[in-house]
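Below: the structure, in structure tokens.
Chains: A, B, C and D, in written order; residue numbering restarts at 1 for each.
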Amino acid sequence: MIKMLKLGIIGATGYVGAEIVRLLALRDDIKITTVVSNSFAGQPFSNIYPSLRGIYDNICDALDMDEISEKADYFITALPHGVSASIIPGLLERGKRVIDHSGDFRFRDVKVYEKWYKVTHNAPDLINKAVYGLPELYRNDIKTASLVADPGCYPTCSILGIAPALKNGIVSHQDIVINAVSGVSGAGRKSELAYSFCETDENFKAYGIGNHRHTPEIEQELSLICGKPVMVSFTPHLAPLKRGMLVTSYLNLNSQMSPTDIHSLYEDYYRNEPFVRIMPLGQFPEIKYVAGSNYIDIGIAVDHRLNKLIVISALDNLGKGSAGQAVQALNIMAGFYETKGLLTSGLYL
Amino acid sequence: MIKMLKLGIIGATGYVGAEIVRLLALRDDIKITTVVSNSFAGQPFSNIYPSLRGIYDNICDALDMDEISEKADYFITALPHGVSASIIPGLLERGKRVIDHSGDFRFRDVKVYEKWYKVTHNAPDLINKAVYGLPELYRNDIKTASLVADPGCYPTCSILGIAPALKNGIVSHQDIVINAVSGVSGAGRKSELAYSFCETDENFKAYGIGNHRHTPEIEQELSLICGKPVMVSFTPHLAPLKRGMLVTSYLNLNSQMSPTDIHSLYEDYYRNEPFVRIMPLGQFPEIKYVAGSNYIDIGIAVDHRLNKLIVISALDNLGKGSAGQAVQALNIMAGFYETKGLLTSGLYL
Amino acid sequence: MIKMLKLGIIGATGYVGAEIVRLLALRDDIKITTVVSNSFAGQPFSNIYPSLRGIYDNICDALDMDEISEKADYFITALPHGVSASIIPGLLERGKRVIDHSGDFRFRDVKVYEKWYKVTHNAPDLINKAVYGLPELYRNDIKTASLVADPGCYPTCSILGIAPALKNGIVSHQDIVINAVSGVSGAGRKSELAYSFCETDENFKAYGIGNHRHTPEIEQELSLICGKPVMVSFTPHLAPLKRGMLVTSYLNLNSQMSPTDIHSLYEDYYRNEPFVRIMPLGQFPEIKYVAGSNYIDIGIAVDHRLNKLIVISALDNLGKGSAGQAVQALNIMAGFYETKGLLTSGLYL
Amino acid sequence: MIKMLKLGIIGATGYVGAEIVRLLALRDDIKITTVVSNSFAGQPFSNIYPSLRGIYDNICDALDMDEISEKADYFITALPHGVSASIIPGLLERGKRVIDHSGDFRFRDVKVYEKWYKVTHNAPDLINKAVYGLPELYRNDIKTASLVADPGCYPTCSILGIAPALKNGIVSHQDIVINAVSGVSGAGRKSELAYSFCETDENFKAYGIGNHRHTPEIEQELSLICGKPVMVSFTPHLAPLKRGMLVTSYLNLNSQMSPTDIHSLYEDYYRNEPFVRIMPLGQFPEIKYVAGSNYIDIGIAVDHRLNKLIVISALDNLGKGSAGQAVQALNIMAGFYETKGLLTSGLYL
């Protein structure tokens, strides 16, 4: 019998944590041996998420480092920023391999983090050890990493949409506009009035205009891709839907190019990527194509009048935008097939 | 120039309060002279409800009885039960006329109230003075009342749907099943996880099964209508929509009757009612027909196989189910046209 | 290597068909060898459902009986009633085993079918061969059946909710009220104004009052369960959500019983059923607990004042209400584990 | 007694037409004397929109020019492009004053129209007579116009958001990006699968990328405002909500400017406009603030890092984006108070 990987999830009762449980509960090669939640310690996980009744009924553990360390070899942390950085050192010291879903270890420059997140970093020395957990860019590093920083949803959707154009030098690295729309689960499991049904349904709004924390994360990776300092005008919006994200990027083409050539270039760039789907020319992603899945769909159009490349990219903020991508990284780290348990399609309905 | 009625709204920043402001803000015969909200005292009302920017920008007052009493002659209280009963005596002592939207003064028998609401009533002696504010049943009493108890949304929708059949003795007063569905605004302006978008959208559930506080309110009025003690099996449900309510009532016909005859009987019963619309035979109410309005639509069908009368009634829980009905009562009390400001249609879209 | 079961789906591009494709596309023991759709013949299935791009890209076949019969040994038909009955004889003659999702083969008495469906049955002689495909009632018959009639969504939800009480004789077989609510996908993939977003969102309505075709299907099975002729007052409603169904059943208890005893009785009745989950006493199903899954959740309450048993049951109309149940039946027929590919939880979000 | 203005609405049963009826049905100075709809001729208007039962029950007329011309002096046409241009000449010849909601008379250059709409214009000679019905820009011309072209929803929202910056020369007229989001009612009352609830709910998508017909309309007016040829990169998106629109415009500032100065400039520009509300600095429009009203809300932010001005503007596509704006123009043409019947706030819930 194959020995199962023992996994602990810290911050398991948030939406990202619960989605990871959903994705892994029936795996035959991974066993979730502890779900950690101080708020719900002592309660069955399926009391909080009754959809999992009979599927994952384990009792939530309190956050006791020694106890939970006994239980698992790998950990996924789905915690607020700042909290992650204070807990992860203890896990690494105990020899655990960790995938963290906060912003704490996504930045190469601690000053950028501290400026945008407005906190002092608790474990700046670990930043160099962390790998940015975007398999399409850092697959090899993830394999052997002890600490993987699961990327943000907006960055994943934006970076993968823009990377092929920028890497191939067909668009300017300046004057990039990224207009993004997210479903409400991106805000997490929150009892805030602003995310109540009555305030959200039939509504639509922009937020974090000019100061959203995912901006420097996008800029860091795009800069590394093209070798020049990239700044983007990034505006997120909230749409009345539960899960999913769609990003419309406006890029200035360096020269006249046919849509067909650009399309080929995108297909080539992602030829071997199992979770990136380039839409046929003339078709564009919709959130319903990816919701509930780990796929990211990308479509491109050229506005010839303005010589702009418009890129539409869509993913599920709880799939490729967080939980799915964390599982993808876990598969890579553990030597499983990277696609294990993640190939199912979105729900469409 | 006509002297305007001066109105205060206590608990003005909840959804019912805000809807009353929306309905009255542009009236030329009523002036909202104080909006009282301890939580938002000192802030412009339109900061809390930006839809009213430029329309109603008054500053919210704290609840200081002497101060607010100076400002208005009529008050509408949209407060939690228990709180109403502790505040209203002071208003009445100061000679104010009050419409209260809590459950505190809807019951003729204080024991029924105390049993279902599980509190001791703060002002039981006022119960006899209160008029149940359903104009279709108590129009004359409302005219001169100093204290009107604005009915609950479920009771309004249920009672008006069943009254014609029960009053005319065509259905049994026993074994009445009332299956009700409400939009989320019925729960009020709440920062509770259960009413968050992610927990509510695409969901549907029953709640308060067998113990919802609107049950005895329905029973009281139906009993008075038919002169016999009525008990109903009442089950409310929560639907993923903001405003509106639909009640499906199952009644046992006392004898075989044609739908046409029952339909005529319903039309006769409400012939002079401006806000009750009987659907043509074969058509049934939908929430979108009434959402945003003060109308209640009623449709009937006969299930001949079981000799049951099925009544569908729909209203807007923020319209005829609360704020609209309070304004209707206010119009009656003040001697305005009862329909003033309330005849506009629902929004359909 | 294991030989894979070859399956054809006729009417594959409707929502039920597409959900079956989603459920089976990654199975290692079933291969969907033909997806039949006259409307989309010649087009890749993933053009119609782009969520399946890269997962199931097969080209849709036209309905040519000889050609498709070559391709598969099992067929699932997701066709309108009447159409099924004209096609299925040809499949059976060619030795195929068939699961049909129309109403054509759900009735033991062809006259009941013809009365409620208002058509003449095309293949009345096959009715005796058909097995009603509710595994919880007819598991053994399904194993060897050549024709399985996949039950309707409302009947599945109603029958499984009521069966334990009726079978154990604790409730009257008379005066049963079934109030049901369905998501919009229950109407199928339709370009009708009534199901457009603008007409449906924020709306709620009853329909098919007193004449819905699922009524006699419910009555047939409940009658067989209790050995007496059951008639139910069944009213379906349409809620603004895509998938899921919740049924509130009102039953008259034959004697005083404690909720605990009734709860035990329900747990016993379904003790070995993998897809029926009895909620803990005091908790009730919500659509979000089952949407996207093959589970049916059931909760019970007693209204002591009226001595009524209230049963709440919920399932996904595209899961246990159609596609999931068809796959469950297929697993049984083919000798696979009944639960294969169906144990995943709902999506919650 | 005041003589009432007699109005006919042609294409009255679409969503724009119905909203005009809703807005005007209770006016004491305007009487809708004919609602014209070939599809529903002979049926009461309130059969199609039961929300208007008892409020506007007139029978729909067929389109007979002589008959309907007898009935009214003013007409609003809510027809598909191309159809308007073939009907309006007949109305003008009969001395009627017309407000048209198609694209037919919005363009000063017939060639631009014919290029983007891909049709030959039926009445090009009338183009010079038509006034673009945006009161904030053309109030005086509207007063005396016999033909007013009611602007598109996207153009209204985009132009009014950008106008103050462009007019004052603080932003470049080049490289303008307009990212727009509309509710589904913008597509009209359609039985198309793409607008069905199941395809739309929980979904989000871009459409008309690089070729939407509102693009040249926006460009025409922005060019006239700044006196230079403006081209915009305009991308509309569809959000799962019924009514409302939000536009995020990205503009390059010509020099460093403080948000406070820009905000003042916006306030000055619209100081006397009753329906344009500039949000306080730091606050931004949301669709719920304007849905159901004739207001447009505008908020601004400066992205100092990129020296960009971000403008968020929101309106109701059925309010200020079509029906409301048509009524505003009608008020102006007829000499009523411009704000008559339009000052009510949005619904918020």
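What we mean here is this: a contact is a pair of C-beta atoms (placed from the backbone, for glycine too) under 8 Å apart; a residue touches a chain by one contact, two chains touch by 3 or more.
For clarity, every value in this text was computed on a predicted model and none was experimentally measured.
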| item | value |
| --- | --- |
| Chain pair showing more contacts of the two, A-C and C-D | A-C |
| Centroid comparison with subunit C (C-alpha atoms), farthest chain | D |
| Rounded Å distance between subunit B and subunit C, as computed from the means of their C-alpha atoms | 39 |
| CA centroid of subunit A to CA centroid of subunit C, Å | 36 |
| Separation of mean Cα positions, subunit D and subunit C [Å, integer] | 46 |
| For subunit C, residues contacting two or more additional chains | 15, 185, 198-199, 201-202, 240-243, 286, 288, 349 |
| Touching residues (chain side subunit D, partner subunit A) in the complex | 175, 177, 179, 181, 183, 198-199, 201-207, 209-210, 231, 233, 235, 237, 239-244, 246, 248, 250, 252, 284-288, 291, 301-306, 308, 310, 312, 314, 349 |
| Touching residues on subunit D, where the partner in the complex is subunit C | 15, 184-185, 189-193, 195-202, 240-242 |
| Of subunit D, residues touching subunit B in the complex | 15, 18-19, 22, 25-26, 49-56, 185, 201-202, 242-243, 277, 279, 283, 286, 288-290, 292-293, 295, 297, 318, 343-349 |
